[in-house]
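Pasting the structures here.
Both complexes below contain chain A, partnered by chain B and then by chain C.
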Partner chain A sequence: MSTESPSQQPATSPQIGVDEWVQRSGERIAGPGGLLRLADRTPPVLLLAAFIGIACAVPLLTSNGYVIGVDADTLLYVLLAIGLNVAVGWAGILDLGYVVFYGFAAYLFAELSSAHYDIHWATWQTVPLVVAATVLLGFVLALPSRRLNGDYLAIVMLFFLQMFNNFTTNGYAWNWLGLSGSHDVTGGPTGVTNIDPFRIFGHVMGPGPRDYVFVTAAGIFVVAILFHYVNRSRTGRAWRALREDPLAAEMMGIPVKWLSLLAVAVGAGVAGFAGSVNGAYYQGVFPDTFMFPLLITVYAMVILGGAGSLGGVVFGAVVVNVLLEILRTPDHARWVFYAAMILGLLAKLRPWRLLGALVAGVAVFGVVAHEIVGAVWARGVGGPIATGPTSFTTHGFWATLIRHWMVLPKNTYTAEDYRIGNYAFVIVIVLVLACTALKGWKRWALLVPTIWGACFVWETVLIEQNPVVRPLFLGVILIVLMATRPAGLFGKTRVEIV
Partner chain B sequence: MSTVLAFQLQTWNFFFRELVSGLAVGSLYALIALGYTMVYGVLKLLNFAHGDVYMVGAYIGFFVLNALGSPLSPVMPIVPLILLAFAASMVGCGLLGVVVERFAYRPLRNAPRIAPLISAIGVSFFLQQTAVLLWSPNPRSYDTFSLHPGSSGIGELFHTAFTIGNFSIQYVQLVVILSTIALMIGLSLFVWKTRTGKAMRAVSFDAEASSMMGIDVDRVITVTFLIGSALAGAAGVMTGLIYQQLNPYMGFGAGLKAFTAAVVGGIGNIGGAVLGGLLIGLTETFTVGYLSSQFSDLILYSILVVFMLFRSTGIRGAPVLQKV
Partner chain C sequence: MSGNGAQKQPLLDLRGLSLSFGGLTVIDGLDLHVDEHEIVSVIGPNGAGKTTLFNLITGAYRPDEGDILLDGESLVGLPSHKINQRGVARTFQTLRLFLNMTVKENVMAAQYGHTRSSIVEQMLQLPRARREEREINAFAEEKLGFFGERLMGYRWNQPAYSLSYANRRRLEIARATASRPRILLLDEPAAGMNPVETHEITELIGKLREEGGFTILLIEHDMHVVEGISDRVIALDHGVKIAEGSFDQVATNPRVVEAYLGTSAAVTK
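After this line comes the complex of A and B, so read on.
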């Protein structure tokens, strides 16, 4: 099958009874190489300690509020991803209602510690109560798993998300469907604000992210150690059996239905803690936070890292959130875009001369395109470079480079000229798809205009559109990962026996 | 509030209006549900992106109508114009569906079952955000057409077709219901009378066995996506005509409801999908009309959860036995 398989089998003599799976058994026994092996060999406790140490060092080393804020957000996402991993990675249940638990916990915490109902409970009372309530909600919302499974269960969980969103958005006039007077439960679109911060042993946390970094890191520490042992326990093994084959697991006497409930509820418990932290840290909860895009974000994290692998999930959450954060500022986003493109080429293009030819081709193509467009349509070149420091956009090495290589229409960012970028966007998508469909030299030849076109779209449209680019990036992660490496970066490749 | 409710309950006019608009909305759901049910039949895949294909269809129709018949001065008579919008949207969506299948689902034929579903969610999100990028997140409206019902333009569509007592039906509702019936009859003929339709039924029954019988399974799947997505495109144009409002997020909720319609009707069952679509359309309209418009989603989705729990094999579907 693959000509580069390391087992040194001559491709011309297929052995009877040896398919790809058997042929690559040696590779599996040897295990992954390089960094992956290093990650595998290091004791998990060390990895966890290193991660927590780095995360907690950030607020000690810098006083930049933005950086500490990103650190706290990332840790919150790590916690969420670890929780989602229980249902999705271990038990194999596509829990599309996960965000409901997060949102429910945040709202419950908000109502128990704000002026909304004028309740101000102490933190040591609210947090355990919120977590317990969320676990209970997890059990209740997972009840459909007793009758449904697979896609149907996933869609019902998504219904719960829709219901939750409807309730939180319009909950300022909740009247028990006409049975009682109207009464404000969730604060509606403006949410609940002025939430009390955490108070632990008399110490008031915040305002600001600094203290919540430590709270969340402590939470991750406890949860990760707990889950590490849960994963190796009887329950953890039973979950994996359930994931691989529910029917066979049931035959073996595993209480499948109870374990499904448990997986969703345990995940919900983690989301419950994360939700309380969310409420206290941001000091406000809003209905728009807990919607489908957040669900996609957490799923992209879990799947990128590798569902089922605790370390992988943490890695995925960090990478995705940091990238999303960088994409927020156009100036930094440009570096991410070009770095990602170059890294992708380095990883995928193997004979070095091919890579060299490709880079030369892209460079020449750009210059030629620039000249042609300049000759035919003078307004098509010489527009401004989107963002960045002046040394970058008006003069200097990089600006000269981009100016002579890229076509930049004038008035790029006025409404009518957006159309050029929009058409180019569609064309680039078509080119990318064509590249994946073609084989051999045609693919490499087509890759040249594709890369240049992608850079053109980036420079003219996407760089200014970060509210769209960030979700687009999440969608692309899901599609590309599923097509190339469904197990994620650190997940174990699974073979489904049919 | 409750006096208004009682007043509404007494008014048959209101009931009839709700009934007809429920049937029209139900027809839309039925058309979308057909795509879900056919794809689920042959691939056992919840094609999450289907709702967004429908959204793209609505936009294509919008652009065709805008380009050829700018609201007040259409360049051609109304009937061919509408037909053209339908045709463009169906062709565009059909191609989009085929492309999505070819590039997002086909590489995953032998992957674990969760993989295509996640890929589908990714495609759905990608299409939605692409629409936001290309056409802006602000809603567009076909609304300008109906502002001048006296003009000879598309405003005609919103004229009364006929009245019964105090109650009237608009042309647009008739158009939607009748064209749904026509498309459904066409689809049934295709599935039951042609060779490709027969192949489709065979693949849906057992893909492996039918590939051994010489059926090109990949081709059948492509055709399924083509037809299903074309029907979604038609539904998109109809939505534009009825609601006169489009936005890039409209595909998500409609897709969820339509998938439920497919399940309620018995997945893989074409007549069932239509029945389920009508049932859910009526439920939705009556919920909004009689119970609560603010919490309509809450009520409707609770009903859908109950549907899914107790009728997951469908009204007309046979109980599914799990083979090992």
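After this line comes the complex of A and C, so read on.
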């Protein structure tokens, strides 16, 4: 079976057909610029250590419980995103059941460490058991993927999610196929509460987020390193192969079905750990947590960062969760909104004169609109600015500026006037569509009222409704991403040859 | 390995193979055998069922009737990856590389069936995982070395999509050989190549047998290739074997000429 390496004989073979083109291929593939390139060149371990370092420094540097809480939440999301990335990013499986694993693990942990069944196992017992059980559930839920793929698998997975939601919500009076009396399994809508915190080497973690920052960060550190190695080994390579072309992979000796199961199950294992942390950290599990919105959020994190790239996925989770957190408070949300708008304009409008003209146009338009409305309909400008508890956009200079530039009707929510915002919403959408249809100066001119209109909708309707704004923001981020970097911030653009 | 293999039983033996899609019979009672160390070419007009034959052997389709024996053991009903691990590897008429993986990774991925380390061993980088990784890396370089400078050195770490068309065809062959088959099924390896490249591929196929020790079943429309290397040629039409023998015998067979008439000028090219 030994073969003579022919590399000694290039001199004899003619140079015809040697494609210099290929040799230069590396140069032609445009690499990412600036920050992204820096991240690309730094060894991954250093990046990971830096990330973990920063995350763990937060509770040491501040005693602000809210900030530490956001830190812990974010780390939990990072863990979830790393887990989802295995199936979605590496193996290319549409794993829409992922949240079920997270929820299952949280509930299992809760029931093994609370008064619900009066079981109080030690952490070193529960966590491994929960992780193992969740991996097993991963295998079971992925079984349909042996027969199904694409749309069918997605629908079946969604069905599992719905079943799980039903079960957790109605599980307070569960009747096993009529075989026994009804029985409280999940605690129903109010969930399971008073869950034991983690106890590691006799040290009780919490209450409060501080200790869970360290626990989760340690988890991320370990999982990221283990996964990094898997990604570079035979299994990771096989996952990539089946993502690229399952049929060819199968014919090259790769057991595609087994590897699909494995990808879902390994991801589920991470969700299993994250779920345990969830139970211990929040000291309660509730059915509403593990529903469709969470699935969308974690998916958005993976896609934003760049499915398939560990670092990218971590970054995506941080950005999305911090953004969503900021959007909770109207006053902070206002900054995000205006910053996003200005950044968007900066990125899209090249000649700075055009940008300047546009900003001036919007400013003048607003002031004029304010004056006109004020003259015709006094109540139309008599409203207050949406407020946060303490803020400097609701008092002082910025507040005055906004008040004189924006039209803020009083009592927007009274029966007659609540429609103002809705009409404006529709008008803004029509204006945006018109902007995409028009060309040249007409477009720039129309952009002025469009931008002002968007700000109007923001100030009078959206800013106070963060349940609407948060998903809306996610949607906008994803749409912008799809238009600019379909592979995500750190993902490699995948090439298809037609 | 040598000695008794050649005469006793064929390496690949298809017996009375039939397959139809709905009402359309694509392979019809086909008997075909390939001996160890032989190069057999399958020719036939478009739609004759040549690629379908490969799909049957590799387990993409299951035959309605008949049996497929590799070294006396039936392959029917096995999943494709098992068939590959038994010793059958193929290339695709329409290239199916792992385009966004590097050249070397494409070849390494095909050795999945010849490595054993579990995912836990990989996570912890235990000795077996590390050793296997080194081995398949070296093996991949050796297999790529087969193609001389075409797939050498700097090209190893480039994504497969950056290769020229002809090199992608070569890489598919390299990937197939890396799964350590006994028989290689090559589906039109010279399609879309210029005369120089076609000549090279012809030599390469010969070398795969001589140095690589592979048995080869080849589908090819380019009669220069077929004439140059085949021990035996089999002509298919509508899934039926219409001629078998040396290239000259088959090329002059009236049924073959008739089958090609009007459909393509391939036989006279």
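One rule holds in what follows: the second predicted complex is superposed on the first by the 441 of 498 C-alpha atoms of A that agree within 3 Å, B and C clash if a C-alpha of one lies under 4 Å from a C-alpha of the other, contacts with A are read in each partner's own complex, and residues count from 1 in each chain.
One rule holds for everything that comes next: a residue touches a chain if its C-beta (ideal position, glycine included) is under 8 Å from a C-beta of that chain, and two chains touch if they have at least 3 such contacts.
For clarity, every value in this text was computed on a predicted model and none was experimentally measured.
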So in the superposed three-chain picture, is A:L247 touching just chain B, just chain C, both, or none of them (first/second/both/neither)? both
Touch check for A:V230: first (chain B), second (chain C), both, or neither? second
With the two complexes superposed on chain A, say which partner A:A238 touches: chain B (first), chain C (second), both, or neither. second
Does the superposition put A:T62 against chain B (first), chain C (second), both, or neither? neither
Looking at A:V156, would you say it contacts chain B, chain C, both, or neither? Reply first, second, both or neither. first
Thinking of the overlay built on chain A, is A:P255 touched by chain B (first), by chain C (second), by both, or by neither? second
May I ask you to decide whether A:N194 touches chain B, chain C, both, or neither, giving the answer as first, second, both or neither? neither
After superposition on the shared chain, which partner residues are touched by A:T42: those of chain B (first), chain C (second), both, or neither? neither
Shared chain A surface residues [contacts with chain B and with chain C]: 247, 494, 496
Where on chain A does chain B make contact in their complex? 92, 94, 144, 147-148, 150-152, 154-156, 158-160, 162-163, 165-167, 170, 173, 177-178, 247, 292-293, 296, 299, 303, 422, 425-426, 429, 433, 436-437, 461, 465, 468, 471-472, 474-479, 482-483, 486, 494, 496
Residue ranges of chain B in contact with chain A within the complex: 1-2, 5, 46, 99, 102-104, 107-108, 111-119, 121-126, 128-130, 132-134, 252-253, 256, 259-260, 263, 291-292, 294-299, 301-302, 304-305, 308-309, 312, 322, 324
Note which residues of chain A are touching chain C in the complex, please. 1, 3-7, 9-10, 13-14, 16-19, 21-23, 25-26, 29, 226-227, 229-230, 232-238, 240-241, 244-245, 247-257, 262, 266, 492, 494-497
Would you tell me which residues of chain C are touching chain A in their complex? 58-60, 79-81, 84-85, 89-90, 92, 96-101, 105, 108-115, 117, 119, 122-125, 129, 132-133, 136, 142, 145-146, 148-150, 152, 154-155, 158-159, 161-164, 166-167, 175-176, 179, 194, 196-197, 200, 211-213
